[in-house]
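Structures for review follow.
Same chain, two partners: subunit A is paired with subunit B first, then with subunit C.
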Partner chain A sequence: MSQKKEKPPVLEVTDLSICFRMYDRGLNQKELKVISSLNIAIHAGEILAVVGSSGSGKSLLAHAVLGILPHNSSYSGSMKYCGQELTPHLQKKLRGKEIALVPQSVGYLDPMMRVGKQVIGIHGTERQQQEVFQRFNLSPETAQKYPFQLSGGMARRVLVSTAVITDAHLIIADEPTPGLNPEVAEETMRYFREIADAGNAVMLITHDIDLALSIADKIAVFYAGTTVEIAPVQDFLEGKERLRHPYTKALWDALPQNDFVPISGLQPYAGSLPSGCPFAPRCQYRTDDCSGEVEMRKMRGGEVRCKHAT
Partner chain B sequence: MKKGIAKIIAENFLRGVTLLIAVVIVTFLLANASPIDPISAYVGSESAISEEQRAAIAEYWGLNEPPAGRLVSWLKALANGDMGRSYYFQQPVTAVIGERFAQSIMLMGVAWVLSGIFGFLLGVISAACRNSPIDKAIKTVCLLLSSSPAFWLGLLLMMVFAVKLGWFPLGLSAPIGKLAGEVTIWERLHHLVLPAVTLSITGVSNIALHTRQKLIDIMESDFMLFAQARGEGKWQAIRRHGFRNILLPAVTLQFAAISELFGGSVLAENVFSYTGIGQAAVLAGTHGDTPLLMGIALFSALFVFCGNMIANLLYPVIDPQIREVAHAK
Partner chain C sequence: MLLEVKNVSFGYSYKEPILKNVSFSVDKGERVGLVGPSGYGKSTLSKLLAGYLVPTEGEILFEEKPLPTTGYCPIQLIYQHPEKAVNIRWKMRQILEESWTPDDAFLQKIGIEKQWLDRWPNELSGGEMQRFCIARILGPKTKFLLADEISTMLDVITQAQIWQLVLSIVKERDMGMIVVTHSEALAQKVCTRIIDLPTLNAAGR
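Entry: the complex of A and B
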């Protein structure tokens, strides 16, 4: 643990905000803030699971790190890769080589190109592709197939192959498990664990908390475009009292193996966020303080964005 | 797979035959309903010929038979490869079509290739530089061109390049007063430029706008985003994934353009007095030359049909989804 502290994190995102320019009524443009003051850090050998419901900004974070946000968006804040500021130039140099994305589904593969050629991409070699396929139990013939000919499990392994073929140091997996049966999902998770154990960093974006708990080291909880809590996975396993943010506790309560009780209300949409803590309208501990600026603060080996957390 | 292709060809053949039968019947009915009297059109309104002479011509051409009988005898002759004689040209219809088509195929071929290449290139550039001034310029020009009639563009080109600048001849497919054997290939090409450009212009904008839209759709797809996430640059991604995915719609479009080309050639050939099949079609129509008109209608339907069939047969070659499924069967 102490060794990790000395090296800069593989990925450190501080105070990231992402805005979209869009047309309001007529020709009036307005800025829509979809991610605000987001903080995360991932060290070598770690898996950070980013959990949150749909629309909380998880995928946008991935796109921001890779530098593939849409043209009508802008961001502020800082993103560092191994201590180096991630400029658009550096992102362009690193993506596909040192930073790799494992996409959600087979829809992210070119339907008209054979799988082998796609896994090779522009940086890999045929030899590397054969090795990677062997490692993931894909038969050599798979390389000759087209994406539409892959089964769910094969597709998943092919997608992971695209990320590991270049020995990426940071892997961002965006919802890699929906639609997979539990065995394949667990198998996929084992691949990520292997990759992390080999000294790489993995950011696992998911809304499946159980799956995240089974392999991640740390969990970052997203709510309405920001991180509300970052906790070691142990805290989730030990119980509700170990968790910090009221939203995280509510999530914990909602898990089937715990109380299975959902909380009332909905996540606010970008553009209609309350000032201060975005969770305040649904929070039972809400006070007047909550409408002011709420900073992320360190607490018991994790981080939390709440004035009342203890 | 062989069986699959044989089946596709058989299906297409059947479709083609029914199409041709329909074309023949409709053309015959329309020509028959035409108010133009072929004999008056043939002899001209001023020349005075006696009623007996008229009757003799009608007898000779078989005009006294009832319409159904004429159609049947025409079909019988067609089965033997005889398309009848053209009233107007006083030649067998097959000979007229053969001679005229040889001129037209050059014109249409050049226009087809030109509009295909330039349309595709402009569309790709426009989509890749979406919303840039280049894109806006290409889009504007394409919309302008596709909304201006081909014959008007032809006249405009003629005024500028043939009359004002004198770079190209005013019309015809070869210099006047030269024997067919003496006409050089350069003279033919020289006469071909203006009509071919006219004919390709409307095709270019159509193909460019379609290609642009299709490539934009592809560039917004998840797999293009992923290609970028894996370090591919914009042009690299277009080269690796864009072209592959745009090929199928492009081929469809290119072969579908053949029918428009045929229609366009009628206009372009008349504007430039180019002695091709389009001009012959108009002559046949205005002179009540039913055998020639039917011959041309049949021939052009066959030509367009073949174009579409080639596109159909190319799909499995291009698209792995169709190919591999056919293979699995």
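Entry: the complex of A and C
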């Protein structure tokens, strides 16, 4: 632990905001803010799980770190890799080598290239590819197949292989497990854990809170483009009372193994966010205070963005 | 019996059949969970049952009759990826009304806002689009639902919302249902019975 304090975090994102430029009517353009004042930090040896609603900006964060946001977007705030500011030049140098991405969609595979060759990429070797396939229960013949010949779960394992074959210091895994059966999903998680224990950092973006709980160290909860809570994994395991933000508690209630009861309503759109706390319209503890600026504050070993959290 | 699968075999090539001699049946009001590792033919079986693929051997009977080859199929499939199940050059209204025209009360119940009808598919999130995909197949002629991992890419709150909705309609109309999922907790919550596809498949070999 003491060593962690001395070294800068592998990835530190401070006050990140991302805007998209969109056409409104005719030639008028408007700025759509999709991520606002987001903060996260991942240290060496840590796995940070990022959970939250669909469309809350989890994938955008991953793309921002790698510098692969679409052209009509802009960002403010700071992103640091091992203490160094991530400039477009540095991002280009690091991605694929020191920072690796497991993309969200199996559509990221090249449909015209045999998957073995895709996994080897520019920096890998055939031997590494065979080892990693064996690890993920992919038969050696799989390397000779094209993406359309694979099932959803097999394609997913190929995607994970492309990232873990590198000696990346930071792995960003964007939903690596949908469509995988529990055994393979757990094997994938064990692999990430080993990578982290070897002194690397992993950012795991997922909807599968269970899986996140089994290996992550910290959990960051996203809602409508911002972090609402950062909690040690232990708090999730101990139950709802230990959690801080009302949205996190709602997530807990909606899990199939808990009550499976959803709260009503939808996450507000990026263009029509309420002022102040974005969760306020769906929150039972809402008061007039909530429409003002709500800052992230420290609480019980975690952080929360809520005026009423105790 | 509502749905009967009799000795069905299927393979994408002659050399390696994925499904070999699979038989089972599902009655009204039953919700059967179909589980198994990836690559064992769960999605293939779903496509066979919905009539998108034809078995190489064996037959699939719905209400004692083979599946219709033209017109509306009473067995409807909800796909894993809603973005791949809609025509991206159609607006949501056309996508929804290709199948049937739900009234306002239905749309409200399923959580579709009227302004979404005039949007293109790329202007909706996955959860919103999945609501359309579910609404579209819940027309009066549908008697059996196949849910192929319909909620894996959704956050848990949206997942719970969508399942409450599907379950309420399936129970109300006494439909049969097959649920493909990898989540044991989810299967325990929504299914009345669970079938392990690898066991079923091996038994037929």
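FYI, the second predicted complex is superposed on the first by the 282 of 310 C-alpha atoms of A that agree within 3 Å, B and C clash if a C-alpha of one lies under 4 Å from a C-alpha of the other, contacts with A are read in each partner's own complex, and residues count from 1 in each chain.
We adopt the following convention: a residue touches a chain if its C-beta (ideal position, glycine included) is under 8 Å from a C-beta of that chain, and two chains touch if they have at least 3 such contacts.
All of these numbers come straight from a predicted model, not from anything done at the bench.
When both complexes are overlaid on chain A, the residue A:152 reaches subunit C alone and has no touch with subunit B. In the superposition on chain A, contact of A:76 is made with neither subunit B nor subunit C. Look at A:111: by the touch rule set out above, it reaches subunit B but stays clear of subunit C. Of the two partner chains placed by superposition, only subunit C is touched by A:54; subunit B is not.
By the touch criterion defined above, A:92 reaches subunit B but does not reach subunit C.
Looking at the superposed arrangement, the partner reaching more residues of subunit A, out of subunit B and subunit C, is C. Contact with neither subunit B nor subunit C is seen for A:134 once the two complexes are overlaid on the shared chain. In the superposed pair of complexes, A:251 makes contact with subunit C only, with no contact to subunit B. Once the two complexes are laid over each other on the shared chain, residue contacts for A:260 go to subunit C alone; subunit B is not touched.
Taken in their complex, subunit C has these residues touching subunit A: 35-39, 43, 80, 111, 125-128, 149, 152-161, 163-164, 182-186, 188-189. Those residues of subunit A whose C-beta lies close enough to touch subunit C in the complex are 51-56, 150-154, 156, 175, 178-185, 207, 209-210, 250-251, 254-257, 260-264, 266.
Contacts from subunit B toward subunit A in the complex involve residues 222-223, 225-233, 236, 240-241, 244-245, 247, 319-321, 324. On subunit A, the positions that touch subunit B within their shared complex are 66, 68, 92, 95-97, 100-101, 103, 105, 107-113, 121-123, 146, 148-149, 162.
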